[in-house]
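Each chain gets a letter, A, B, C and D, in the order it is written, and its residues are counted from 1.
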Amino acid sequence: MSKVKIGVIGCGSIANSAHIPAYVKNEDAEIKYFCDIKLDRAEKAVKDYNCGTAVEDYHVVINDPEIDAVSVCTPNNMHSIISIDAMRAGKHVLCEKPTARVLSEALEMQKVAHETGKILNIGVVNRFSKSVNMIKDMISNGELGDIYHVYIAFRSQRSIPGLGGAFTTKSIAGGGVLIDWGVHYIDIAMYCLGDPEPRAVSGKAYCALGKDIEGYTYVNMWAGPPVLDGTGVYDVDDFVTALVRTDNTTISMNGAWAQNIGEGESYIDFIGTKAGVRLNYGGYFTKYSTENGALTEMKPQYKAENIFENEINAFVKCVQTGEHIQSYIDSAIITAKLMQAIYDSSDRNEEVKL
Amino acid sequence: MSKVKIGVIGCGSIANSAHIPAYVKNEDAEIKYFCDIKLDRAEKAVKDYNCGTAVEDYHVVINDPEIDAVSVCTPNNMHSIISIDAMRAGKHVLCEKPTARVLSEALEMQKVAHETGKILNIGVVNRFSKSVNMIKDMISNGELGDIYHVYIAFRSQRSIPGLGGAFTTKSIAGGGVLIDWGVHYIDIAMYCLGDPEPRAVSGKAYCALGKDIEGYTYVNMWAGPPVLDGTGVYDVDDFVTALVRTDNTTISMNGAWAQNIGEGESYIDFIGTKAGVRLNYGGYFTKYSTENGALTEMKPQYKAENIFENEINAFVKCVQTGEHIQSYIDSAIITAKLMQAIYDSSDRNEEVKL
Amino acid sequence: MSKVKIGVIGCGSIANSAHIPAYVKNEDAEIKYFCDIKLDRAEKAVKDYNCGTAVEDYHVVINDPEIDAVSVCTPNNMHSIISIDAMRAGKHVLCEKPTARVLSEALEMQKVAHETGKILNIGVVNRFSKSVNMIKDMISNGELGDIYHVYIAFRSQRSIPGLGGAFTTKSIAGGGVLIDWGVHYIDIAMYCLGDPEPRAVSGKAYCALGKDIEGYTYVNMWAGPPVLDGTGVYDVDDFVTALVRTDNTTISMNGAWAQNIGEGESYIDFIGTKAGVRLNYGGYFTKYSTENGALTEMKPQYKAENIFENEINAFVKCVQTGEHIQSYIDSAIITAKLMQAIYDSSDRNEEVKL
Amino acid sequence: MSKVKIGVIGCGSIANSAHIPAYVKNEDAEIKYFCDIKLDRAEKAVKDYNCGTAVEDYHVVINDPEIDAVSVCTPNNMHSIISIDAMRAGKHVLCEKPTARVLSEALEMQKVAHETGKILNIGVVNRFSKSVNMIKDMISNGELGDIYHVYIAFRSQRSIPGLGGAFTTKSIAGGGVLIDWGVHYIDIAMYCLGDPEPRAVSGKAYCALGKDIEGYTYVNMWAGPPVLDGTGVYDVDDFVTALVRTDNTTISMNGAWAQNIGEGESYIDFIGTKAGVRLNYGGYFTKYSTENGALTEMKPQYKAENIFENEINAFVKCVQTGEHIQSYIDSAIITAKLMQAIYDSSDRNEEVKL
């Protein structure tokens, strides 16, 4: 089988830390293009990884008949445009999370995936984690009993990324902490629960601490320093709370890119009638159960895995086989729906039924 | 001034651990009656505290013209009946929390308090805590900025009280963890926030782990051993989640008398634009703020106080002066409303507007 | 078999919270005397427990031929005197911990036990805990491999008991946090390790925070309020550190009745080549191990037990059978040796060889 | 002033993550040589940083009359040899920590520094941390009172670096967790305490978990994968305990590169009579004090600093001015003494007097 030819569109941090190294390591894949509207970033990638050609315009990539598939690693506002163009040009797509800025864009992407029959995988990378899949298995085989509630906490005292830049500009990113962090947590919850339909959502998103761009006090800032020259925009949520009803399970959540509480929390609690699990995001889980009249805790920790490699390898295989897997758009769309409903509920200040 | 003559109605654990010792210590008060339908409990109190007369029927107490006031320390189902009878008989009342089993009973109590002009204080004992009042002051003087969200956690792995008994029987208690623990946490939140009107409530209460009375695994049980003779009833909530909207602040909560998660949590986070506070229930608080470009944490711990003595002393003074204070029914009723709305929302499986 | 007749000497808090209720519950035992130099305490016990006779002088108890055994629950300075007198008078003895104020007293007690053939059990109550015995079993069956180090932490920010009173007066108590708390932790370590001989001990004990009796800031105080009338004595250790060498295992420890560090710690780490255990004092343990290439944690929690009842029941049985068990003086003496060596090393400011 | 000409000797991870980027950023410095016995590493540095010349033999560097100073970033076994040669060749030296494998080597380095008058700074990088200097100031101005004890914890469940390689080979590294991690913690303690003379040291170092190179279970491994081809050496300490006596303060410590206890700890407690401080290694500190009868906690967190840049900038300035600062060999030698004494005490199995 000849190698899958890849174009990487967007050569920023997620491309360099995750997608590119994984493709380079994959013997069935070959990167043919690095594409970025900042050409120097594309050129640096060519030099660093010693392969491919640097281009500025993604149309060059998707119009090359040799290309089989693209990774879309741009800011969120380009996810739907590029993914749709690529599929219409006959390419398979791995699009970073979130699927899109708003649900309507995500639905359009799904529609085009169905129409074109191309693979459209979303970067729901936790679906390739061993811990997450162990929890999913425990739930589906009944080991935890009935999961009646899931609590999701993704709260940091100070973690607004690149204050004033693309991450915090609604027209680019679509939202803040919910769409950037919440997307992963919600996706894990939905995946482990078997993707239950949300029936009603009540939520509130606050743009509270970051909007004072000058006065924001922080210790570290990922995705670069704040934009302090007066051009910075901050109009997204840095705190979100929500309560979601599905048929069998309620899900509640609190999330903060920034909050004036010093205790950081990043976990998901799956609370079942027979047992429960706390998953530390990006790490291991503890299972709480009972045995012979005793309460028991069990926590396994295994050798670190690279979930991005798992995700990329699976995508490459999908390109070869046409298979639909757990990161296919039809699975990821439910999180887009749910996040849209939270934002809608926040705007209307009332519960939204789905 | 002659001493305030008190009748203690209900001589169970809250009477013995809190009300009675506080009255005994108060030089302006004198307990004249110990009343309990189990006469031996009343008689034991007479012997232990070396004062008063033991009676079985509370009408004896409220019909004695010498009696100024009563403490109602019975199970929840008698709160409204006895309080109302007592006020109609001309007595001031300190009624233990929750005000009543359901909102309608609480509203009736309030109505009779207004009609009779008698004091009706509710056992919202945390309103007499130094930590809680310090937080209330910080909020009202603007030190925390705008409080946009409050998160309430009262979650224990195993703490169902007297499984199968009065605490877990809905017709007696009115509810489970929400009405027994949640009442205190919600009351603190509302008090500190200045008793804002709840506008909409979405909640879900689960009767999940205690209903298997035989199979329930636990380590300790307060309020006595489980009722294992087949007569035990367990039809109340042992897990509750909710999201509350007020005009300026949302409040979310998760509570568990029992859950298959081993990390216990009992705190309230007041999340403000200038600063935030985490109050450890029954303990001290940490204030998170910023100063000169640094994030700061500050945690003061002062000599232990007896909040029950504060509450009882304040009640005795109210009886003497007729003053309405922070534990008067008009302040406490808001928590009854909110809890009722959570239960209603749970039953209807949708948000309830108020 | 006729009931074992018991005299309880010293009717303070440990007698009332532990010894007396356990004897009362034991069907093979009967308390004949309550003895206290404060006669009213003895009389209160007679009234509360509805049995026995109150006496002031312990010689009355030990000279009564009907008495089989005594519990010595006095301050530490009377442990050796009363225990020795009682054994010489033909009585079996359960003496509260620590064995005595100093090693020489403890050795004299052991000598008399051997001479008279009477039972002399020490209140090493943790030797009757399920958790502790599970750990001892895991160590002796090799499940943890070779235990090369044990770390003991018993550190509190503020817990000096009865500042200025018997607990903090060296001539009465023999020492402070080491002799009062350390004795339990060291005893658990030695018991689980199979009572290895200490070969060398280096330690330092500090009398640092309590000596400013007036200025000592605290939140709660057990064993009563501080003695602030000028007669209070504080000349014992409130901080201790030590390093102990045995043939196969080193033991290090840090203990504080008071310290200007807010993180309280009360645990024992048994660090082995195959696995390790952290025991939370008075609670449960977590076992850390490896399995199939994964690190594992396991924490069982079982129904609460009353270790004092276990201890008292075992003592009553020893009285009936003459058996030497794990709380017999010959086992407990090793902790007395070790604590003496720590104090000696502290005084000499150098390591002490044993 | 012309730029200080630097040679970087050893182009491994500490050079690339710390020294080189700091020199590059410093406008008064210029890297003229990258030297490594693996020439490709030196060549990669030339390419990555776009400056300097790659050489294999450090004599080329130290014999170039243009060179003012060198950074020694090699494995520990070359620290003394290269530093001494460099000073004798007239160069100033910044030598990474630990000073050397054993005390005798460190003393020789100090001697040559004195003889030649060249700067010999050691990589005690924490002496350039804001948190550490704030603590030092609080201690020296009396704010904490008398510091009677310091407890040092550097314990990890699994963190052995490059199992089987240079880090774990005694003839190369000189030791394990004590010399690699302990050196930093001890240095911080000594620095903050004002470098008090150690008078007696009792310690024990264990080579326990890493020696089973094949069977060692881990989750992540820094400094590369284990050497599993049979040539790996593991003969260093992975656990260490010690008790140190100085004139006014005792210091106890427990350290583990690996231990079968899952709770990681990395902090230093400075326990004083007026107040105390817990420093989280590499992070912020909490100060525990008392005020107006209350216990208080205070924790400031300020913008992240780069302590390596501070260290390098200070070194460059020393080269320009000849000044002796807090990282000069005369300050660092005390930690070398102390670590040597711990290893000696471990070998002799008894306390060592200094």
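The criterion applied here is as follows: a contact is a pair of C-beta atoms (placed from the backbone, for glycine too) under 8 Å apart; a residue touches a chain by one contact, two chains touch by 3 or more.
Computed from a prediction, not measured in an experiment: that's the story for all the values here.
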item	value
Neighbouring chains shared between subunit B and subunit C, ordered by label	A, D
Intersection of the contact lists for subunit A and subunit C	B, D
Chain of greatest Cα-centre distance to subunit D	B
Gap in Å, rounded to a whole number, between the CA centres of subunit D and subunit C	42
Centre distance in Å when subunit A and subunit D are each reduced to the mean of their C-alpha atoms	40
Separation of subunit B from subunit D, taking each centre as the mean of its C-alpha atoms, in whole Å	56
In subunit D, residues with contacts to at least two other chains	218-219, 262, 286, 293-295, 297, 299, 301-303
Touching residues on subunit B, where the partner in the complex is subunit D	286, 291, 293-303
Footprint of subunit D on subunit A - complex, ascending	218-220, 262, 299, 301-304
Subunit C partner contacts - residues on subunit D that touch it in the complex	144, 146, 148-149, 151, 157-158, 200, 202-204, 206, 208-209, 217-219, 239, 241-243, 245, 250, 252, 254, 256, 259-263, 269, 271-276, 278, 286, 288-290, 293-295, 297, 349-351, 353
